[in-house]
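Chain nomenclature is as follows: A, B and C, assigned in order of appearance, with residue numbering initiated at 1 for each chain independently.
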């Protein structure tokens, strides 16, 4: 396993590749500048995946959250969520933290919702990207609960995928690109929303004011 | 400009009327065309069937026969697609008329309902686009009808029709049904290889007549 | 059965199945229309395809050093990288890593190619397929017939009957109900599994990361919940830079499912403490790829990102489905990959009319018709005939004599019932009747011998 030296699979495969003598080739490097994205387009395109999109301001965040959490029994949040978001939350939240990690079974309880932020959002594809940074949590936090509320802050929306990749602070973090609720088209190519991931996805896009 | 006609072996043998129509159209728009008698075949069938060396020999022959010409007109999309890389001075008829001569109305008259099947090599490899249709649209008295699923292959594919006869027949049946459904009296195309297959299917099962579009362009009152 | 007849023979059986043909036609047309719509939105689609092609070309040109860099970065991030020359070695490596009796699996072409499930079963390990379509195929003890929609050959009532008899007695044939049944069946397994097995859509040399593109969330479950993750990755999956995903994540979903973006894409780099599997293994598999790499024309088949757009537009695939191809990779890409990976499957390069629809939609511009022609090896029985034809076509005098002979034959032969093998032609088509004179005779009569 992973062995080096003569006769190992590694050396043999690398030798076969060298023997193939593929001529050199270089791809042009795409531009690196990060283009801002339209939150209007973001909202439209997320909604087309049949996720619920709410555009709101700081002032009405509390009302928006109260409405989205109307049927929630357990609210889960990652560590590092901006405290002002929680202040506006009408119900008590259980925080997942390295010291007190929640188990998959706990997250799987009926009526569990998770509230997170995101690292960046992509307008053109209707995508939110989570990178496990503050306020986003471990991957299972946004996977096991049946309801995910994701907040997009002002200035987080970029135009397209290349912009999002460039905007991520550390590509080596675990990354999850979420474009609508989980879905399948495996039966007669009919799209069905909601298989294994959260069946309800709410994206809250916060305006500048 | 010295213009040669490469009529193709299929047309020489089976569809001389297509060759006559091409000559008629070219002469009508004032082109003096020549037909070198040493021409045979471009080598497409061999090239597509895995006989690279034999096809290469025929490609070379083509170059020798048509060495003295600035343009060679060919009424077959697939032959042009096969020849073009080695012999850039070959033109499918519609390319020659529109791109080289700048002519769309060649003075034809054909008072019938016509649909057009864009054969794959002409459409995808040559990128003929709507050139044959533009020429047809300028023909007097013609009524052009759309063909449902036009871009789908007819199932000919050279030796494919024999090697995978079952799949070829299934594709042909669908194409013939679409042609019948178009309501046209004639189905036109830019490749008589496919026409042998589609036309043979249509005479067997009943339906519009299959013709090379040059024959429509050459229609006279 | 001779190799040359393998595909036509298998196809005959499929053509006779009218329900299969109706199901395939409906599905392929639905998905190709979706693709057309979302591709039309992208203004620079052709530039993007060209970029995809050149990045893949660069990756193959540097494959050795990129793999070494990938290994170094992934190892530094806590993963263990293994190398496998062939399918048997890859299966052995994976099996040796597993100490439990059940693992959960994400849909993966590479594991299918190497026959991993069968190899694990022989060692007493049950691999649970968690993609809905893969689950359907597994429950039916069948094989996938499409790269992306493995159960494309099943309609809803067939799936209902299957689920009713296995995992969800009494379920109805509403696709939503069937999806819900799969969710309930798999939920417990996800939450208790200790080993997950995956493939990867991309492996990034710069960062040592792997990428899985999926829809249902079963992938995220397998990549996140078990303690151990084993990913089987073909060596051609490598891309040089993280930024290259900006090209492929724009090309892939639009080409494959016809969506702007698939619901979930996961990217991970080795082990992240406290988040996801704490033992991460990557098995880099050759299994014929370096053999493909040696062929200057054929190697472009390794650019494939398994989107399956070529299957969905192929008129041949549409009429026979994936099983007729007799290999994990079916459709146009299978017809050029299978013969090159294995050295067999010689009938597949002929399983195409060369209509070019596959090349037109390929997101990385693999010139599939070019490779098909390149791989065609004429069967020995045919060679004398084609040799004689080319001899005739090479000599104008022989050619003129040939025309006369052919005209005589065409005039004499029954247009509707020729002897074998030409009976294959006249079974469904008439032979055209020759006219009064050949073109050249008409020309010399009217224009002289110029």
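By definition in this document, a contact is a pair of C-beta atoms (placed from the backbone, for glycine too) under 8 Å apart; a residue touches a chain by one contact, two chains touch by 3 or more.
All of these numbers come straight from a predicted model, not from anything done at the bench.
Participant: In graph terms, nodes being chains and edges touches, is this line, ring, star, complete or other?
Facilitator: line
Participant: Quick one: which pair of chains has the most contacts?
Facilitator: That would be the chain pair A-C.
Participant: Based on CA centres, what chain would you say lies at the far end from subunit A?
Facilitator: Computed centres place B farthest from subunit A.
Participant: Mind checking the centre-to-centre distance between subunit B and subunit C? Centres are C-alpha means, answer in whole Å.
Facilitator: 33
Participant: Taking each chain's centre as the mean of its CA atoms, how far is subunit A from subunit B in angstrom?
Facilitator: Roughly 53 Å separates the two chain centres.
Participant: Nearest whole angstrom, what separates the Cα centre of subunit A from the Cα centre of subunit C?
Facilitator: 29
Participant: Which subunit C residues reach two or more other chains?
Facilitator: Expected reply: no residues.
Participant: Contact residues on subunit C for subunit B in the complex?
Facilitator: 4, 7-8, 11-12, 15, 21, 315-316, 319-320, 350-357, 359-360, 369, 373, 376-378, 382, 386-387, 389-390, 393-394, 396, 399, 403, 406-407, 410, 416, 421-422, 424-425, 427-432, 434-435, 437-444, 447, 449-450
Participant: Considering the complex alone, what residue numbers of subunit B touch subunit C?
Facilitator: 7, 9, 11-17, 19-20, 23, 34-35, 37-41, 43, 45-51, 54, 57-58, 61, 120-121, 124-125, 151-153, 155-173, 196-197, 199-201, 203-204
Participant: Inside the complex, what are the residues of subunit A that reach subunit C?
Facilitator: Result: residues 1-2, 8-10, 12-14, 16-20, 22-30, 32, 45, 49, 98, 101, 104-105, 108, 122, 124-127, 132, 138-140, 143-144, 160-162, 165-166, 171-190, 192, 194-198 of subunit A touch subunit C.
Participant: Contact residues on subunit C for subunit A in the complex?
Facilitator: Its residues touching subunit A are 23, 26-27, 30-31, 51, 54-55, 57-58, 60-64, 67-68, 71, 75, 77, 80-85, 89, 93, 130-133, 136, 149-152, 154-156, 159, 175-176, 178-179, 182-183, 186-187, 190-191, 204, 207-209, 215-218, 220-221, 223-225, 235, 240, 242-247, 249-250, 253, 257, 259-270, 272, 274-276, 284, 286, 290-291, 293-294, 299.
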